[in-house]
Amino acid sequence: MIATVAVNWAAVEPILPELLLITIGVLLIGCDLFLPRQRQLLPWLTVIGCLTALAMILGSRPTVAFGGMFLADGYAMVFKTICLGSVILSVLMSEHFCRVIGLRQGEYYSLMLFSLVGMLLMASAGDLMVLYLGLELMALPIYALVGLHKREQRTSEAAIKYFLMGSFGSALLLFGMSMVYGLTGTTEIARIAELIGSRQLVANPALLAGLGLLLAGFCFKVAVAPFHLWTPDVYEGAPTIVTAFMSVGPKAAGFAIFGRVLFVGLPELHGHWGPVLAVLALLTMAVGNITALCQQSLKRMLAYSAIAHAGYALLGLLAGTAEGMAATMTYLMVYLFMNIGAFAILMLLATPDAPCESIDDCKGLASRNPVAAALMLVFLFSLTGIPPTGGFIGKFYLLKAAFIAGYPLTVVGAVLFSAISAFFYLRVVRFMYMEAPQQTATLQFSPGMRAALGLCLLGVLGLGLFPGSLLNWTVSAFSGM
Amino acid sequence: MSIPLLSTLIFFPVLGGLSLLIVPRQQTATIRLMALFVSLVELLLTLPVVLLFDKTTARMQFTELHPWISTLNINYSLGIDGISILFLLLTALITLLSVLVSWEAIHDKVQEFFVALLLLEGAMMGVFCALDFFLFYIFWEAMLIPMFLIIGIWGGPNRIYATVKFFLYTLVGSLLMLVGIILLYQNGGHTFDILKLAGQNYSLKLQLILFWAFFAAFAVKVPMWPVHTWLPDAHTEAPAAGSVILAGVLIKMGAYGFLRFSLPILPEATQQMLVPMLVLSVIAIVYGAIICLAQTDLKRLIAYSSVSHMGFVTLGLFALNQRGLEGAILQMINHGVVTGALFLAIGMIYERTHTREISAYGGLATTMPVFAGFFLLFTLAAVGLPGTNGFIGEFLILLGGFERAPWAAVVAASGLILGAWYMLWLYQRIFFNEVSTSLHGLTQLNLREILTLTPMVVLIFWIGLYPNALLGFLHVSVGHLLDQVNGVGLAGPVLPPVNLP
Amino acid sequence: MNILLTLVWLLILFAVVMLHVAYATYFERKIIGHMQVRLGPMRVGWHGLLQPIADGIKSFFKEDIIPENADKPTFLAAPIICLVAMMTSLAVLPFAKGWVLADIDIGLLFIFAMSSLASYGVVLAGWASNSKYSFLGGLRSMAQVISYEISMGLSLVGVMLMAGSLNLSEIVEAQGDSFLGMYLMPQCIGFFVFFISMLAETNRVPFDLPEAETELVSGYCTEYSGMRYAIFFMAEYIGMMVMASIATICFLGGWNGPFAVPFFPPLWFVLKVYLFMFLFIWIRATLPRYRYDQLMDLGWKLLIPLALVNIVLTACLKALIS
Amino acid sequence: MIPLSWYMALAAILFCIGVCGFLTRRNVIIMFLSIELMLNGVNLNLVALSHFMDSVRGQAFTFFIITVAAAEAAIGLGIAIALYRSRRSVHVDTINHLKG
Amino acid sequence: MDAIPGEYLGILLLLIFGILFGVLTLFVGRFFRLSRPYREKLIAYESGNEPTAAPRMRFSVKFYLIAILFVVFDVECIYLYPWAVSYDRLGLFALVEMLLFIALLLVGYVYAWKKGVLQWEK
């Protein structure tokens, strides 16, 4: 006999945005398969879906669903906004770029959405299981996205590297999780902290080993040195649009789980993970910034810069304070706009005949197209962290958080590496404004591209000049966790 | 005060600059006229500030206070005292002159140039008005971008090296200051308000750390020896307008920073570090002057002379008495006017000859007599001839320096002699001697150029003959500043301000 | 349970099964012979009754050839893997109430696991022989087995839904001892899918592509001879028997029959199994072989959707009825 | 009963073999198999712990890991095929078009 | 022997027995059977011709695709089985969830079909 359990449909409510996105993803597959003529509608459908989801998420009240497995709190909301933003911006740009490089797969958009759902789950994960599922749901479509452009030789190489390294990172993470589970007997992140406290496990070597594995796994995911080795190759090999997307969205989601596990699950171990992360952050900044100095490919340079930025974002995490995490969130929000913006200009340079990913291809951009050059200028200065751009506010907030938490030397290191980073960002500016053009092809802005670039500019400058509400939001988001 | 005058001063050029973007790129004439209009109006806008300024109080005036980033306790807080008001005037004036001198010198990317110039003006205004450390830092760094572009795009052949060097030197310094700001924030009651930060007693160790962090930013900007090496490169390669702004305003900001932050906030550290600072200043004076003697490049020579003159400024600052400080501030204005004028003049001649080699000139006095007259005046002002403004500043500084450290004043005085030597020698090489063959048939100065140079002449004599016009603004504010520094018990006679005719 | 008792049971089971295998080959040859209007084996013993014994002795003494390029350890292990996998599945089959060697809760799952394991033997044999025919045969077999494994697995979900258990004895008992209780009727779609998948899983005509004599010269066992070949053969016939038993248990009510048999409880079970064995042979004698693409199409495009439909229907109907 | 530590030791050994295999082998497929080995180490750990602690979470977790591993295998093999088609090799040393 | 739950003992014994049977028949048989290998007997069978080319040639990518599809579809079963077995206890909610699950599975299936993965020969 069927048990007559009362079906509580309201329980589904917190995950409605995710369900909506999945539905739209499925719908996109259907459209692609059965209405191939209407393919140009796919990006707009995707954007509309994402915007609806964004509205739903921003309008929702903080809740705990599925017995603590899914947390729709403010913390999740911030990260979800970042992830949705990364998808919206990339999708707006993709029509243009996919046409240029001849990437015609309609699956592209649905893969993007599925990956997005994974990220949203990660942001909301209140349980190690959900965390892992979200992580993989995010990663699997990206493996495919990286390798989607089959005509290009490099993509499959990038895809296999990303795949192997990603799976390896997941495996490390899982083993760490299994050890934490073994010691505490639960996978619920909030309970882990309680049980560590009540069972006095803080100094337990097995727990420390588990922590080490967890850290390694997370560092793989957010590309922190010395676990960053896959990043440059993958970022360079993937289609630029995918690189832009994956250098922001998945990284933000990675930081979401990183922060959640460390701050909610293992706060008592801060004495252990704080210093470790400090060293890793410095190493990451060093590797990212110094290696970026000698790159000839702009795409690869941006890849290294992405590594360096992971190092900066880590500053807030290692602080272990509410302010630190809020700073990391703020920074990632700004990073969303400036990094995708920079990649967007890189995409504009591409032509069907040549990928135009070298720094030389920027030469004389100011003469070819002053608007594009000016935008790139703003994004690059923001990446360097020069006021009045958002990049400065984000970096300042991070430095302040880490400094006040008691890591002054790390902060000084970060500042020095930040100065080094100016060198290679400036090189691009130099090439754009102070050299004669090598290419003559005119740059074309599709409507989506215009919208995306406008949003990025607005984000970078708006957050630079009026960061108040964002900071309030992130601070209150964290305190609600 | 219902009209936010200072905000208007900051944002009028910014908006004006951005409005240039609306004009189609090809219409360069319109763009130039608009830029001129904006900078002229900006200069006029400073007039109400000057007229309404109350010279009898050391309090900040025209203050504006709006919460900006409440999470971090950062406010949009503006205000000026007697010290900053002079710099506002200087900035507006120098920018106007820069627009004029760039009229024909800039052919390429005209739109971008004037946008950058006006944005730069807004940022400079902001630096002098900001009363919140964070806001100050934002303006301070924001100046870098347009300046980087101005030197890098419209500069001379070696411009890229120069501009990157300029940028990186400044950036490293600024970033260290940023760490210092955070440290100050942490220990100063979690505020960025400059006035609140000043009143507190920090431990000496903290003060020393902060002093060196600020030193990194300000000394690079001044530039003090030995971090001055970016200046000759930047000066040399920058377009005329860039050089004028660099010499006229930008390098004053370092000294302004010392005045506004290091001295009042870190009084004990300042007194501890007095001797090293004086030594560095004296080295800069003498070293800059000696290097000048060996220069073959016109702009480079002026650049090194700036190093030397700024040495006087820091000497005056760290003399830490009324005369020294007033002299230093006056000397900053003077230097801005004189060196600005020199760069303007050089820019004019460079447009005609396209060379900066001193040896390529000769006998210019016969071919361009009007120009020679102007240049002679500027040279004499730079040397510090009594009656010109240069004399007043240097005299006050030496007076103050002598009270604090006679040895420093003595060595610095020798710098004056060297200064006279290289400047007059320069004048001789360019304007007298044989008429160089390449200089035949140069056109005379046109009306625009004469109009550009005339205000400088007026200023030189006005300040030189009636310095109280400016010193009047300073007395109270400097006195208050000295109270802050000496409040911790520096022994020293508090002399009444010197009254000059 | 006592180890000794288990051992005795095991020996009996083994002997019976071996006998079954031997005579299944005999019956197959005989039945096909008669269906094709010929006699089949007649020489050894009365109507060739001793033929299987003679075959056994022959293969035991036959020369054992290992091809020179073969991957020897794998080559040797492959047939044993097949045999062991198939034999082990016997342990969970309930021949009658209580007549089961290992009454485990995951019986059905275990059967699936073992039948997947057997396909390793096949593919390894194909690979290790280092011969083109074997290689292709092994590959085809693998593709075929895994394709039909999905439909087979899905087709039984209906049965699980109705019985609420994976334990084979419980499945039988859930059907009750009446004729109407059998899952054959309510699960007719499932049975259809299962029956076809069963043929394909055991590599029987019309799905004997992997060992098609006329195309691949016996496929994966081209290079095998003598006793090794015999072991493959045994594994295949045990496999048929296991599949027939599963069909019996899941759809025909297992050991239940119209009336209880006093001294030999598994009688109904054996009869039902032999019914299926007869069907196997009958089909072999009657139907032509499928083409490979047809075979894959059938599995992927017809059986899998059918099985899914069956699951949905069963679940919904069950929810409606209650 | 076999004590828990044996299971955990076996799991750790499996995991370490996987790590070593991943780090030392140069064939993409074998590297992938090493990862699967690591995952199975995790699974073993989780199932054993779950059994001994009488908590069902570990087993549920294992379910998910198995599923995800299957999905991963599907995508990984797909990428490996694409790679082989363009390079005629799945050896890591020949995958070196990207560097700098 | 306590470590093994009773029911599995039979399986273990049968397993051992199967292996023993296979190995023993093959091993014992060695002493009785002929062994006269020569080259022609030992080379791979290729209808009587000399074998040409390596036997482990590249084969159709279709086999890979089938394998990939199998892995995905087969693993979905691990959710179907527990659900089916405890269907009675789970109630309507589980039914709806499983219907959604199957619907998603069908989406993947239709996708594969439309992409021609299920078509053996194009």
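All chains are identified by letter, namely A, B, C, D and E, in their written order; residue positions are counted from 1 within each chain.
Throughout what follows, a contact is a pair of C-beta atoms (placed from the backbone, for glycine too) under 8 Å apart; a residue touches a chain by one contact, two chains touch by 3 or more.
It should be emphasised that the depicted structure is a prediction, and the values quoted were computed from it without experimental measurement.
Both subunit A and subunit D are touched by E. Traced through touching neighbours, the fewest hops from subunit C to subunit D number 2.
Compare each chain's C-alpha centroid with the centroid of every protein C-alpha atom shown, and the nearest one belongs to A.
Among the chain pairings, C-E comes first (most C-beta pairs in contact). Distances between chain centres, each the mean of the C-alpha atoms, put C farthest from subunit B.
Computed from the mean C-alpha positions, the centre of subunit B lies at a distance of 65 Å from the centre of subunit D. Each chain gets a centre from the mean of its Cα atoms; for subunit C and subunit E, those two points are 14 Å apart. Taking each chain's centre as the average of its CA atoms, subunit B and subunit C sit 95 Å apart. Centroids of subunit D and subunit E (each the mean of its C-alpha atoms) stand 20 Å apart.
Residue numbers of subunit A whose C-beta contacts span two or more other chains: 1-2. With touch defined as above, subunit B holds no residue shared between interfaces to two or more other chains. Of all residues in subunit D, those touching 2 or more other chains are 71, 78, listed in ascending order. Touching subunit C in their complex are the following residues of subunit E: 1, 6-11, 13-15, 17-19, 21-23, 25-26, 29-30, 32-37, 39, 41-47, 51, 55-57, 59, 62-63, 66-67, 69-70, 73-74, 77, 80-81, 84-88, 92, 95, 98-99, 102, 105-106, 109, 113, 118-121. On subunit E, the positions that touch subunit A within their shared complex are 87-93, 96, 104, 107, 110-111, 114-115.
By the touch criterion stated above, subunit D contacts subunit E in their complex at residues 1-2, 63, 66-67, 70-71, 73-74, 77-78, 81, 85. Of all residues in subunit C, only 1, 3, 6-7, 9-10, 14, 60-69, 76, 79-80, 83-84, 87-88, 90-92, 101-104, 109-110, 127, 129-136, 139, 142-143, 146-147, 149-150, 153-154, 157, 160-161, 164-166, 217, 222-223, 226-228, 231, 292-293, 296-297, 300-301, 304-305, 308, 311-312, 315-316, 318-319 touch subunit E in the complex they form. Of all the residues in subunit A, the ones that touch subunit E in their complex are 1-5, 7-8, 26, 29-30, 33-34.
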